[in-house]
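This is the structure I want to talk about, given as structure tokens.
Residue numbering begins at 1 within each chain, and the chains themselves are lettered A, B, C, D, E and F in the order written.
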Amino acid sequence: MQISARNQLKGKVTAVTLGSVMAEVVVTLADGQEIVSAITRNSAESLNLKAGDEVMAIIKSTEVMIGKEA
Amino acid sequence: MQISARNQLKGKVTAVTLGSVMAEVVVTLADGQEIVSAITRNSAESLNLKAGDEVMAIIKSTEVMIGKEA
Amino acid sequence: MQISARNQLKGKVTAVTLGSVMAEVVVTLADGQEIVSAITRNSAESLNLKAGDEVMAIIKSTEVMIGKEA
Amino acid sequence: MQISARNQLKGKVTAVTLGSVMAEVVVTLADGQEIVSAITRNSAESLNLKAGDEVMAIIKSTEVMIGKEA
Amino acid sequence: MQISARNQLKGKVTAVTLGSVMAEVVVTLADGQEIVSAITRNSAESLNLKAGDEVMAIIKSTEVMIGKEA
Amino acid sequence: MQISARNQLKGKVTAVTLGSVMAEVVVTLADGQEIVSAITRNSAESLNLKAGDEVMAIIKSTEVMIGKEA
């Protein structure tokens, strides 16, 4: 399935922290930069996410801000 | 100023498209991957964004989804 | 690819409006309710969205609010 | 009060899970499809959400992505 | 209708800019601070938004970041 | 660093609740209105957020909805 979200960054799961309702997932990109995702615990469990998994970090473009040194 | 958004990815602006109310900004990361941001036109103009600018793509972790091959 | 977004609602595209940078896509669900999506124009064009297409409206759970009559 | 969010889907609460800071609320639409919402625990408690409540799942159009089979 | 969004800030519309698909609405709070909202043009028109309108700026808590001087 | 997010509201932290994965931060603006933010626990800890801190509540304009009495 093709998704309209313009940002789909390949990486590897390096940490999964399961909370009561939410979960934090850390994905390391090929160049070593990290992306942190906060999804529901149920999502993390239904995707059976664990360290080492090859995944995509998916981000809708309207959720991306830009910062520029003044 | 330190910001709570966990995802701050360094890159260079490679394209800016100004629309009537919104603007699309393409940022290329060090490893060649692209991030697309949709911000308001006023934001793009007040940051004076143009190709070649060194910027940060800033994304709150609650906006990042994960995709995994079944 | 399995996606962490918990909400994936099946429907049919009933309207696509292309703007300068953004696009509005109306999806009608099986029960007749409508979902409106605002994505970038480039996304709408790369998915070649047009009326009649079978699609999924995909929404991360952290983006869903609840309203209740007092 | 009229709200600008274009998506207001009627349904019934079928599950509420309270976490330490967040809460997960499952709403079943008339056609049986489910919508999952992640809101703060305080919100869930102040709305006194419980199974059986008639509610609206409210979603801003900029938060809705589209998926289409290739 | 009570809404789960925790942030509902009272203010007055001071500017509405209609674009092709989106619209920018500026709301001035009682203390003079401004809030800028980007909604769809259709939303702005269906609410018949115009300068002088008393409105609420509504923001889900998961969309609010925090910045702190280092 | 200049950020594209149009909404940057000055205030003081009045409460921080740390959950398993998320944290809730309440910021009181100069005029007494409150803004509630849900960020990850790690963010709250890395910013060392505590009551009395002078902070900015930062909100992208695409995340702001408008409500108007009918």
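Basically, a contact is a pair of C-beta atoms (placed from the backbone, for glycine too) under 8 Å apart; a residue touches a chain by one contact, two chains touch by 3 or more.
Not measured: the values here are computed from a predicted model.
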Listed chain pair A-B, B-C or B-F that repeats interface E-F [over half of contact pairs the same by residue number]: A-B
Interface with more contacting C-beta pairs, comparing A-B to B-E: A-B
Inter-centroid spacing, chain F versus chain D (mean Cα positions, whole Å): 22
Chain C and chain D: spacing of chain centres that average the CA atoms, whole Å: 16
Euclidean distance of C-alpha centroids - chain D vs chain E, Å: 21
Per-residue multi-chain contacts in chain B, two or more chains: 1-6, 19-22, 24, 36-40, 42-44, 47, 56, 58, 60-63, 65-69
Residue numbers on chain A that touch chain B, as the complex places them: 3, 5-10, 24-25, 27, 29-31, 33, 35-39, 43-44, 47, 49, 53-69
Chain D-touching residues of chain A, taken from the complex the two chains share: 1-5, 19-22, 40, 42, 60, 62
Complex contact set, residues of chain E against chain D: 1-6, 37-40, 42-44, 46-47, 56, 58, 60-62
Contact set on chain F toward chain D in their complex: 17-24, 36, 38, 62-63, 65-70
